[in-house]
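Both complexes shown next keep chain A, but they swap its partner, so chain B is in the first and chain C is in the second.
Our next item is the complex of A and B:
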């Protein structure tokens, strides 16, 4: 009797592995189709390119030594224009900002920090929100009701002000800032996934899976979750642009105390702001442009993904 | 009747939201060390000795009671308008008095920007949708995309640089030029103004028939309004465009075309009216969101509203002001949500709660 059970278990695991492999193949085919469809749209392709470029810069910037950024030279403490600005410094592509920071290098470093922190907030929020939304949508009942009320509350709190208050009360540093943004970032994802789950749950294949004896966990993660991911991808790419701006804004108003030099785009704009931007426009122009280009990029990518992932337009 | 029922149910739903919001601010206020919390209820300029004030504040906050009881007393304090004392370079006094003083300039700015963004956004969005994928559509979409991809404080700085270079007569910061202020009975203060009777500077200038201040304040409003408008135009544009493009594919629109109705009637009455429904939501929420976005723009333009007060409070470690701002913004957003929902239910008979 025992041997029989073992044989059966062996068969099941073997078929499970084949099934997994087939599933992976199918999913990979699906992703490459998405990529091909995305690249056919010039704007979406541009968005993808910009996003990848920024990720590349962020990775490369971790290998840049810090000493290249600070070129403090007190004989010329005023910001120096780039070489093409008109009587600019030869060899400097983006000029310098107060106090003697090489702007190009600093922007590269800043992109790394900004990208790192904002992706933690967005991805963390997406994962937490996805799990909560999945359970709430699938189980329903009191948990669902409680969740919807708490997202109501989260929606009625202006996140900029809230992040300020939370981090102010706990501690004014990057990690706390991140956590406080995270607290407000998951509810939209929970709502999004919940509404998707409610739609997917009504499908025949979920009924079939349940009839075949699949557990709740298996139904939730194998049958429902993969069908709810498309709008989450879109939202993640759009949100990256929003969070990076909030981050820069909070640093700009002096939320995280820093003196002298912090390679962060908002801080760089702040240094330019402090050094009479009307006389040295490039000191605020370039860090801001770095933010704008990234946000435009992820927005184009998000819009493109929205179109491409829409099953009605797919084939 | 149906609408009345909707409003009553919506008001009932407001209770858990309000409790949740106040619970959050309560937890925040209790997360700081007790001494700091007590400090927010001390009036540094009062002749009463500090020890007595501390004892009074502890009694007021009921700090010796269990936490849930403290929450009830906290709600009582909020309802009575006892929000503590703020002590920044901008204002010394109670938080509620500060809010009364700093809220009007912010609302002034938000109203101006909401109006401008809506009145530009709806026609431009219509053009963009009607001429889909043509050059005017592309131009509008680029405007929209850059609008919401831009950090507002950065845009504000660029506008200032631009104004200094090319329009030197335009004031780049403040609400009114300090040189023309003296000798007016209805206007008190130099940096932070207290104008009678409404606290809205421009409105009060008009009410008091003061043309000089009126024009001057209006000129000061231009740059901050432009910065905010450009940022929020994009959201409205995008909404109007996508709503109209969706509506264009509907059967009733095809019917309208096939009846031989003139183009302007189909576009205005059949397509746009339906597309504008979601726009009302966005405009309402935008107005509330603007109050948040205003924080940074106010800082750059030295516009003494709630946002600048909050920024100054952060730098000068003023907890009472920060908690007060959080609460007032949250309450405002809750209220805006309520108004938007009611308007929506009024406009769209299909909505039920």
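Our next item is the complex of A and C:
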């Protein structure tokens, strides 16, 4: 008897797995269709390529030992040009920057740091904003009013000023900068998601789910949230570039720690400026280019995603 | 589950005194400035196993009524009863109508305690206690393009209602889902597709399958075919009929397509501006409609024969706003059989008075002092003549003018004026107090709310 039951359960769970597996495969097909549509657009494909390249660099850079970057060349205190730059240093592709740091390695490390922290800021903001917008849009009424007015308040704080103020109060370092951005990054997402929720909520499938007995939580997270994600993805990819630019801007105007070395693109430009940029242009040119290319890349990707994820263009 | 559920009663879904008023908010403080009376006192019942059609033009509250019956929105007042004995429903309805006459709008959403309805009234249940009822009443909506979640696979759409209600384990649910799909005429390999891969008709089949998934007893069909191609409409309707025959389901079919009604329904309820105006077995309604509104609706059904011409009844004007519905019979402003006692009020006469009693515009009113203000006070219309106190002779002039206007075409509102009196330096036109026509059963099962038919003695 017991053995019989065991066998039955075995068969059932196997067929259950098959059903889940087939469903998952069908979903993956849908994503690969999205990807194919994206790759059909040359600019979007370029954006995706650049983004992936940077992600690859970031991953690779996390395996580089720090000492390679801080390979201080004490023979000369001046930045050395790359080998293809006039009378360059043999073996160095991107030259060195002050104080004797290998620029190529430093940029690789900086991309890792920049991508990592900007992802934290953007994803953190997106998640908090999504929750706020979802609840506000779904519940409506006074709840909505309260949440959205506090969103307005948070939105009205200029984050550059806020970041500087926080730095003044706490300390002038990179962690503080991240923290202050993280605190202020959610309001646009809250608004974006709320507007989407209001639109999706009006669909009859929400009413049908309620009629079937679905709880509010289930309706919010199973039915409404997945239908609001497309513009969030777009916004996230656009914001990655924005946050990196803010990092660079703040650090360039002196947000670096007084002592020590921070492998960050803005910081690298700042170091370059500290060492006579007219005589050693590569010290600001390469980190600057790395920054620009990344920003252009994620923007192209974001624009492409906007087109591809728009259901009106697809179905 | 309520104790009454052990047995099946004759009336599956019944509404008594059901009202839904939506607030209109305005101003800086978002205060409620008006109420849209979408559903305004509806008594309606659906017998177990029958199809009741609910017809009426757009905006008359059909869909809101449907949503109220499924408790998708809470009513402003009134009750929804589920699986209730016929005699209990009838007595609840009588009691409600009596109390509604006594204290008009003063009704709590909960009925009087100890009236014996507690075991049936789903509107009295708390959300948690109502949950087991949800699966027993399922909707099919009009637009199959928004009624299916675009990010879910068909198998998940269909399995969700079953799994939410813990009716089966997941593998069992999957078997049932495949079976459901076949029942509505789709193939099992359609399970692993997204809704956007289907045509409108196929999507509506999926929506029907989803409604059937939790094994309901009552289906609310909210214009199930009006978003579909004509060729597909018949297929869907026949499918619904088929399912009803096989499973003994009860349908409430909301539609404005009368040929669909004739094909599907056992009984018909006609709705106008938040109220039911007529209710009859389908055949009888089509053969001998009683309410002038029903007659007009039926005359608008196209006849597929170019040689046969019928007299079309064209209703003048638009549907009045449900924010401020007409007094008395709500249809009196557009009715072609209207009478002086149908519920005319100062509102219907006010715009004409500005000309009629103005000495500067109407030569027949030249003996009257200059008209300065016309104000409505309930069922009285007050005429003020810029400070001067009108005399008895002038009252006589006004009374004559009223009589003259009443004799003209479109002067019905003036026929309704009962008296012209002199009061506090002004002249007051008195209208009868607004009364709504009573719900009269003209022949068995055929009821109508219209003054054309003998009213019960008050």
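Just so we're on the same page, the second predicted complex is superposed on the first by the 284 of 315 C-alpha atoms of A that agree within 3 Å, B and C clash if a C-alpha of one lies under 4 Å from a C-alpha of the other, contacts with A are read in each partner's own complex, and residues count from 1 in each chain.
Going forward, a contact is a pair of C-beta atoms (placed from the backbone, for glycine too) under 8 Å apart; a residue touches a chain by one contact, two chains touch by 3 or more.
Quick caveat, the model's predicted, so the values are computed rather than measured.
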item	value
Partner chain in contact with A:168 - chain B first, chain C second, else both or neither	first
Partner chain(s) touched by A:255 [first = chain B, second = chain C, both, neither]	first
First, second, both or neither for A:295, with chain B first and chain C second	first
Partner chain in contact with A:226 - chain B first, chain C second, else both or neither	second
Chain B versus chain C as contact partner of A:153, first or second or both or neither	first
Partner touching more residues of chain A, whether chain B or chain C	B
Chain B versus chain C as contact partner of A:273, first or second or both or neither	first
Contact set on chain A toward chain C in their complex	12-13, 15-16, 19, 22-23, 26-27, 30, 203-205, 207-214, 218, 222-223, 226-227, 311, 315
Chain B residues within the chain A interface of the complex	13, 16-17, 20-21, 24-25, 28-29, 31-32, 145-146, 148-154, 157-158, 160-161, 164-165, 288-289, 291-293, 295-296, 299-300, 310-311, 314-315, 319, 322-323, 325-326, 329-330, 333-334, 337
Chain A residues within the chain B interface of the complex	149-150, 152-153, 155-162, 164-166, 168-170, 241, 245, 248-249, 252-255, 266, 269, 272-273, 277-278, 281, 284-285, 288, 291-292, 295-296, 299-300
Residue ranges of chain C in contact with chain A within the complex	67, 70, 72, 131, 134-135, 137-139, 141-143, 146-153, 155-156, 160-161, 164-165, 169-171, 174, 192-194, 196, 207, 210-211, 213-214
